[in-house]
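Before I ask anything, here is the structure I am working with.
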């Protein structure tokens, strides 16, 4: 039996291929004698490689989104239904790549000292392969692919969390990360095997169709639940969130930044895809089950957001504080993901995905900014304690004001992007009649005020031990500036971003047609394509 | 030209703030920049007012059917996806408060002239606050209003928190959290508007079926009213929204029981900030009630009249009692604000023209008198370094000219006729009694309607009127403890400690306004009456039967 | 110039004087200049008032009412405003009272120059007097309840400033505050009454004569069709409004039960007592009641009369035992005000105002005489230290004597020739006879108390005034030192006394037709003024007061009892039974103590309770909510980070124990993490099952 | 005849053992072994489902037997190995710092 490889579809994975190539180069090039000296001299060449690769991936994704240079997003899933390279996935990839790019810059300009130059290639290849896994998460439409993508994103993350081998905290963080990750992926797999047992296929779309047609049962629920556990681990949803604060605290700050946004962006994209696909195929008979799943996911989101916000109260470490903040924000996003199937008459759930895209953009900007400031402060003071923020206004007013803006944006202050993100959520939740999600959103926002204000209070009122001016490299000004720009561009004039998100939130729900597959000299279509009712699914 | 002026009123302070923060500016330069900005804004405001009231029709300008009273409108689409506009303009409702703000700005910057600590930041934040306040009074789009409402919150938070007294952080956080809870209520109403308005709104007012946050259009649109009152069920959207808005604005006003942030904020805030807080920021709550709650939800307002009136009366009496219990001078004045703003709530609640006029006048009058009272306290506090009423005495002898001005300020607070505190109180009280007629005739869903209305209203009126006794009690008791009694050496000041001409200037200007407003209340009431008439058209049928 | 313009100008002059004196202060001239400047201002007012009087009396006597828009209450459909109006209202009563007030004010200004000699704040005192005069004239001129209310408050504040003029001392501090606050209690009633009329009369509070068809009376009587005297059960609000407005009068005129501030107000300088707290301001209550007379329903009338009766009896009894000369006069004032109020209640508009006028002169003179004595006695006010001052201060003693006779209602027996008090007071009693008998004829026999009371008190009045005169000026000096230093006052002080005393003699004479002119302004429902029309009443007066011998008996009694000082009375007062009564009367019937308990203590208690309530309960609820939120966070999260409030600190530890299980969740223990993960997986499954099977659903149908 | 239910029972027992191991072991490698047990439970499931439920179905349709489950199992085995490699490296690193791989000692990060 041969499975044909449709080459035109492979091209749709151009961004991933760029990263893959860069990973290969990063692993091989330093051992090539002519280049060895160059890579031994500094992190520069390696960083340049990463930047080039990420920029290429970013550009190719944007090109595919915009239909530039003959590239376009395919109308069906590709590679026999393994991946969906639709505008939604591409948008998430754009976010992931751009963010990773900025994280690399952040690393280069603040914490590169923690990585030995000899380890640079390993480090960069881990970051790039992590980004690769995360972008696959955004595209996966097959359970096997889901599993692969999650693991592809996780393994580099485990290693990166423990990359700083000199510190005990780092090693402990990676230990916790890997153990919990392994346990949750094992549980997920058990659930996935159940799903396979029920439907005999690993493709999401036929599964959704069958589910819609046949309804839910308790055993099947285990399968769905397993899937949710796998995604929930990456999203740090309660109660699988425990790794998050510990890992965030233990890992180096740029890794924390990377994990807090890129990893969650991929995971939330996956969750949205799963929920959307389920919602898309729902029929009148089985609405109840889907509404139940959606409500449950929404409930998990509420609990996650509340937990994150409350637990953040007593944090004294800025990374830990931001870790809880990211848990809370993951909670908000999970709430919206739950909405995708929770509503009784979600005629067009695709309309909701744009709110998530918008939120991801804003979230990336404000989290990057906050972590960047934290990185600078940590570098200058050698400590990540909140106490180091005392008198930041006097030491570097720009950093203080920027940090204030990021925190208030995370809180959801009007005129910042965080506000519009939450308001969009609120609009959509209200619009779907899920008043309890609106209430939870509002209450959580109030809860969160306290701990977002705390660093501001310290920055403004606590007397610093020294008032030495903090010097900041131009690159860091760039990173913080870009984040600030993002926060205010989405806050003051949200229209452009909203429109962009609305244009690019479409997803495909069709499998590659038989004819496409046969032109590629395929003896048989993929297993999943035999699922009933594939041809007329797009309604 | 006037449209430009309106926008300049909003953005000139921001330019000033940037100027204060320029790397080259030093503290004294920043003070000058702030003062110049305030004066420029005041001049622009005066020009605007002259144009507004001098225009054809001017004061007696009455809109034809469908025409709005708002003029000098700038309407730019801001956020198209939600149909949010940058919509600003002035009418009679905003103009007097704007003038009050502009005048107080100049005085408050003068009052803050001796701020030593981080002067640049102080002035810059104050100018940002000015931006927010002017924005609140000028914006006609609900979302824009909300944004400015929030914008005015942040600088206030820092102004209290950085330049405040010993418990400044506590007070600042409390202030912030309270008003933020209010903002969230506001936000929920906005969510509701987003969904309800486009559903049924038709015609131009709702901007082609898209959601609209245009407060003027919302108030005038029949379809919107139907949407809010839809369903025939008891808990209409309008009622929910009215309650949420009321909580939000009552926190700002502040009405009992949402008031406890106020004493703390005032006690800890530096003098100029107390002045602006009492003088203008509290008024934003009352203004918002008049601009948003009542015109957009007339039926809910009628439904809620009794509860709101109770809140007003309780604020009056309770605030006065609490003021009497204070030994901290500033806290006493702060509670007096709670009591005085109760007349605003009461005047609005009863839905009579006289009540409304009284409420508005009370806001202006209280803006002058409370700012003055806080400044009077501040003048002494700067010298005596304490505010314990029981430790004062004999200031009349040691600071006679100051005490003379203090008498004007505090007696204005006491509601003495021919000073600015009186007309508002008496009008809202008269308006309260005036409500008997429409409530007697009102349909049964209006609380307390029917023949028993008279008893209810008279009880309310008696309770509200009893506020004048308590007010006299605490103000005069304070006056006795501070100013009367034999001269004491520790409060005898000479040389540089004497009240200086800057302080006299501030006090004298405020005293002058207190007297002008008291003697000639028509100066303010004439500015607002026609706007009220137009904005409150939904109530006019109600009132015409009553003859008010 | 028409009379109303003259009067407006006359009113404005003292205000201008006040502003000039206060603003320019002592900087550009000395106190002597300022004093005479103020006298000049008020003197000019006097001249204008006299011209206005003459002008108005020369006319046909039609009231002039000019209303100016002042306080906008709304807009009419055509865009014109609706206003509460103020402005001058001129009738015969106005011009008469204007003359009275300006005369007295001018004289008191002159008197003050002497009395306040050497006081460091004399200029300020004169300025306050100007302010007071302005406010008082404003009341008299007022054409609407609103204007009355405005100036009502302004006289209140001038009274406050004047009573508290010597604010270094504790007494004036407390007295001025008390005066203002107690007045405000009355004002609350005023405001309520005004409010009720406001809505019943369509927002028009202007006083105009009934036949003009506008204003309060016009609205009520013509438009609403309610005759106050026949108001039915549906018009209960009219009674309420009348009583409310009268409450204002009770405060200002210190009627029972708001009387206690007036004796305390004697802490002010004596010129203040002579004008503010005897002649003019306290009479404003009577003036107000007269102006609203047509609105009073029979029930309101009865209420007014009762209050007046109680006040006049109570005050006269207390006056009999006071030893402070100013207190005696103060209670005497109270008692006389009680007469006026009773007269109004009894329907005798004319005699009430008539008595107001006559009383103003003789009481002002009495206070000035007392002030002269006090001045001469170096601010000793106790009559126990006086005696025999006649020889030292003959002019003052003579004036005091004349006025004592006037207040006693002295007349030459069997003739109708008498001092001014006789005309007005006997008229009042005659009118009450009509009223009491009318009540009795409706089966209310107790109504006769309304004329027996004032009749008996007329004797008492003569007695206690004689007592004051004898104790002060006759007998042997009881304090030789004081006596030795006493001397006749200078001309600025005795000249006003003499003028006032002469007014006290002749102002009541019918040749000046004060009463007749006042009666021209009376509403139709008022009792008549003419002797013949009050024949029945006058019979009673003549009989009961023994054809004019009544005052002689009382005066003789007072003379013989007190000619030897307190020799007799101290023995009588020691008798058990009487001693207690004496003590009770001496302590002003205990009202101060009672009010301290009821009003002041309870008020303070309420305020401190509410203050504490606010601090701990309302604010505590807020902090508590914050605390709950923080504790919740603590349970979920980890270590206590104490920021908002120190109160949390202690309770944090308790919460630690409570929440130890949850707290341990993030304790860094991987096994715990995994355990929770596994438990959550199965638990979550259990929870999710009902959702997923469609048994449970949280959403609402969207509209 | 051994059927699907037997395999499912086996996998359930494996799953239970794995979970129990994860929960009870203090040694990190022990936990990893528990994870492997759970993974193998999933593998057994997948293979059994493939064999009993789905392979035959496609054969009946005249197509080649479906191998989705088998492929999945293969991937799981490969990735489990990779995971073990990373985990062991991390344990080694942990051991360098703590001289133990007792996970109870990993309690620096908390709160």
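Here the chain labels run A, B, C and D in written order, and each chain numbers its own residues starting at 1.
Here is the rule we go by: a contact is a pair of C-beta atoms (placed from the backbone, for glycine too) under 8 Å apart; a residue touches a chain by one contact, two chains touch by 3 or more.
Please read all numbers here as calculations on a predicted model, not as lab measurements.
Asks: So which one's got more C-beta contacts, A-B or A-D?
Replies: Between the chain pairs A-B and A-D, A-D carries more contacts.
Asks: Would you identify the chain whose C-alpha centroid lies closest to the centroid of all protein C-alpha atoms displayed?
Replies: Central chain: B.
Asks: Give, as an integer number of Å, the spacing between the C-alpha centres of chain B and chain A.
Replies: Centre separation, chain A to chain B: 46 Å.
Asks: With chain centres defined as C-alpha means, what is the inter-centre distance between chain A and chain D in Å?
Replies: 26
Asks: Distance from the CA centroid of chain B to that of chain C, rounded to the nearest Å?
Replies: That gives a centre separation of 34 Å.
Asks: Which whole number of Å gives the spacing of the CA centres of chain C and chain D?
Replies: 95
Asks: Which chain B residues reach two or more other chains?
Replies: 169, 173, 177
Asks: At least two other chains touched by the same residue of chain A: list those residues.
Replies: If we look for residues of chain A contacting two or more partner chains, we find 175-176, 179, 183, 187, 245-246, 314-315, 431, 450, 457.
Asks: For chain D, give me the residues that contact two or more of the other chains.
Replies: 22, 31, 103, 106, 108-111
Asks: Please list each pair of chains that are touching.
Replies: Pairs satisfying the touch definition: A-B, A-C, A-D, B-C, C-D.
Asks: In the complex of these two chains, what residues of chain C are touching chain A?
Replies: It is residues 629-630, 632-641, 643-644, 665-666, 668, 670, 673-674, 676-681, 684-685, 687-703 of chain C that touch chain A.
Asks: List the residues on chain A that touch chain D in their complex, please.
Replies: Per the touch definition, chain A meets chain D at residues 1, 143-144, 147-148, 151, 155, 158-159, 162, 165, 168-169, 171-176, 178-179, 182-183, 185-187, 189-190, 192-194, 196-197, 200-202, 245-246, 249-250, 314-315, 320, 524, 527-528, 530.
Asks: Tell me, which parts of chain C touch chain B in their complex?
Replies: 22, 25, 69-75, 79-84, 146, 149-151, 153-154, 157, 160, 164, 167-168, 170, 173-174, 176-177, 180-181, 184-185, 187-188, 191-192, 194-196, 198-199, 202-203, 237, 240, 603-604, 606-608, 610-612, 614, 618-619, 622, 626, 643-645, 703
Asks: Going by the contact rule at the top, pick out the chain A residues touching chain B in the complex.
Replies: Of all residues in chain A, those touching chain B are 413-415, 423, 426-427, 430-431, 438, 442, 445-446, 449-450, 453, 457, 460-461, 493-495, 498-499, 502.
Asks: Give every residue of chain C touching chain D within the complex, in rising order.
Replies: 637-639, 666-671, 674-675, 678
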